[in-house]
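One chain, chain A, appears in both complexes that follow, with chain B as partner in the first and chain C in the second.
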Partner chain A sequence: MKGWKELEIGAITEAGSADSYNTGSWRAFRPRWIEENCIQCLFCWIYCPDSAITVNDGKRGEFDYNHCKGCGICAMECPGKKGKKAIVMEEEGK
Partner chain B sequence: MSTTPLRLKELSKKEDLLTGGHRLCSGCGAPIAIRQILLAAEMPIVAANATGCLEVSTTIYPYSAWKIPWIHTAFENAAATISGVEAMYKALKKKGKITERIKFIAFGGDGGTYDIGFQSLSGAMERGHDIVYICYDNGAYMNTGIQRSSATPLGANTTTSPAGSVIPGKMQPRKNLTKIMVAHGIPYVAQTTPAHWRDLMTKVRKALEVDGPAFINILASCNRGWRTPTDRAIQDSKLAVDTCFWPLYEYENGRLTINYKPKEKKPVVEFLKTQGRFKHLFSPENEHILERAQEIVDREWEALLREEAMWKAEEEKKEQ
Partner chain C sequence: MGKRLAVTGNQAIAEAMRQINPDVCAAYPITPSTEVMQRFASFVANGKVDTELVTVESEHSAMSACIGASAAGGRVMTATSSQGLALMWEMLHIASGMRLPVVMTLVNRALSAPINIHGDHSDGMGARDCGWIQLWSENAQEAYDNLIQAIRIAEHDDVRLPAMVCLDGFIISHSIESMEFLSDDLVKEFIGEFKAKNPLLDVNNPVTYGPLVLPDYFMEFKRQQHEAMLNAKDVVLQVAKEFEKVSGRSYGLFEEYRLDDAEIAIVVLNSAAGTFKDVVDEYRDRGIKVGLLKPRLFRPFPYKEVAEALSGAKVIGVLDRADSFGGFGPMYMEIASAMMSNGTNPVMIDRVYGLGGRDFMPEHAAQLIDELKEILDTGKVTLYKDYLGVRE
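This part shows the complex of A and B:
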């Protein structure tokens, strides 16, 4: 912790610094990506509240577990392939 | 400058301007909307943010989740703050000190927009600033623990409209702020949800293109206040639209377009029944409230349909 004399005045000057803050420990459930069921629709990416789905060159990559809070929205919205979801939620610590 | 097509594959190549690591609740609807807004924008954005969940949770000192210039303002003056910034920008542009095209957005929740920030919003719109005001409406003061606002729907259980033996939740219907903004006669007003991402992004682009004030009202689910599981934000937004509780529409220079008409309009109870804040309405003594809620939805939806039909008839007359 910084003492008050060391604090910067009035503003947070580093844009996007929250990126270095871990909210992954909030998770009670953990999303797991099943790549073979993924049709790369990117609904999970556009609907994630925590920017926790990585995308490289237009393709979905792994979850960013440092930020994912385990809400389950991605799993809910995932259409998957032939009725098989490409995201499942699993209890943490099991 | 070429515009990114509104396809997820193309959009995903853009930089996310709201990072993870913010402290909004798991499953919150607001950051979904904000990410989409910032992805839609094709020019630099400067934002002012009224006090509320979004403001508090995205900027817990010494962190900020924003990758754009962002100003925290009090509850009541996001619109006034952004007006001032826009006026300064115009002055600097005149003097040749800035050449770049920059646009200005004020964000507020329903408390900061419908209630506390309303006079500054109304003033900024009337003065004609070149700004976009975006309200994320989650239907109560969620940040301080779920107190009713003038956006809270009829019958909702909040800590200041507690459902019990005395009252059956909030006794008053929500006010139709989108229509109040239309009455300001500004060039662009729209209503949308983050579940309808293409609709939302199209509207943000239109609002940013307009030279003058624009207003967008975005329904943003709050699982704490709505009393829903954390994975419901998108599903419940879709139900809000499919029941016509929250129709998707826009006014361009006063001309109404309804952007989506459900093939089969679902009864409003479909939207209400998934949410714990309306649970008490499903006991027999509160049936009259459900009926009234349906009446309100029907009346507002039918008024929209009539108005759109009127515009179409008028335009056809002109063409003949």
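This part shows the complex of A and C:
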């Protein structure tokens, strides 16, 4: 491990380093995506306080479970299709 | 040489800021520092500076905006007093922890309650451990000179820390005195171009400011901050030397006044030192060996140098314009720490004075010298900590 003389000043480090730090294990509830109810509005991507909704070519992709904290905001905001949610929260370990 | 003008302390500070021409200023008005930003705002409005002035809704936001602007890569300044500094407290630590050379003027004022708008040092002393360099100023001239030097000190490669320049509320901020200004060109040349380090606006080299650092590395970053503070002491002296060349005014880590052969030493900060020097002269005329030490650099505190300067004293009276209720005043604790290591073992007493702008008069200074003389003759101390100028 580095000593104080070798460390960068003021902990100013490379950008996007949270990506390599796995924080998904904190989750107590797991969001599940039900693709057939998804209208591709990307609300979940906007509202997710982490970066746990992946988007490929402008389309919603799977959850990034290495970073999803299970807060449930995406499920709350998801309009879904015809009253059927495209995201549901399920207890981990069940 | 520059112009000589009669100005208030706040005017002197605003003028220094105009000459420094920072990239960004974020501030919220508070007595007695309001006039600094009020005058500076008119410089912005009249196109006298290129500064982006951010008017915010609180001092917490002011310091937050300063931090953002500094991390983005700008030269950043602000000013505040009292409750304003107290509200910034959380962000003061963030500025120093991220090693951002923000420079702030602190026009010293008491902290509530009861509410009081006048000068004492509770605000600055309360921010002692926030990791900011602190330069203290006796008068408007020193405040102006310190602010210009603070830019160089804070931005120095071996330092990269925020710095605050303190001056006494109302006594200095609102009194008119005659002082000398440097020319705009000289100030510009003296401070030089700002060199941003790891600027957030450099999109080709993206960086993270303020990552989560857990027990495995946290202490190492704090140790770095202490080292930067230790480096600041030498930088303060280097910058002072260069400043003397352009201004003719010399500065050190502290000022010594008739201290060489003094048996009785006084330690006092800021404006009260001016009053005290006159009284020292009176006692010297009567053959009493009294001298004075006025600290300039309070963080980092120059323990070794102060101890050497006070090593001839048999009794020391330390004046504190801030209190630590149930403890000794902040200045006394520093002087006691300094003297402990030097082995001369003088008698030291602490006198709290001037809280909430209570006038410090020549008779208070005389009262303290008389008491110290009594201690010198009898060796008896009644109270190590007491109050000067309070009604029983």
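List of remarks:
By our rule, the second predicted complex is superposed on the first by the 90 of 94 C-alpha atoms of A that agree within 3 Å, B and C clash if a C-alpha of one lies under 4 Å from a C-alpha of the other, contacts with A are read in each partner's own complex, and residues count from 1 in each chain.
Everything that follows uses one rule, which is that a contact is a pair of C-beta atoms (placed from the backbone, for glycine too) under 8 Å apart; a residue touches a chain by one contact, two chains touch by 3 or more.
Predicted, not measured: the structure shown is a model, and the values here were computed from it.
Overlaying the two complexes via chain A brings chain B and chain C into a clash. Between chain B and chain C, more residues of chain A are touched by B. Looking at the shared chain after the overlay, A:W4 reaches chain C, while chain B stays out of its contact range. Shared-chain residue A:A15: touches chain B and chain C both.
Residue contacts after overlaying the shared chain place A:D50 against chain B, while chain C stays out of touching range.
Only one of the stretches 9-17, 63-71 or 153-161 belonging to chain C overlaps chain B in the superposed arrangement, and that stretch is 63-71.
Taken together, the two complexes place residues 12, 14-18 of chain A in contact with chain B and also with chain C. Of all residues in chain B, those touching chain A in their complex are 8-13, 16, 18-32, 35-36, 58-68, 194-195, 197, 229-235.
On the side of chain A, the complex with chain C involves touching residues 1-4, 7, 9-18. Per the touch definition, chain C reaches chain A in the complex via residues 97-100, 160, 197-198, 206-211, 213, 216-217, 219-221, 223-224, 227.
Those residues of chain A whose C-beta lies close enough to touch chain B in the complex are 8, 12, 14-23, 26-27, 40-43, 45-52, 55, 57-58, 64, 66-73, 75-77, 89.
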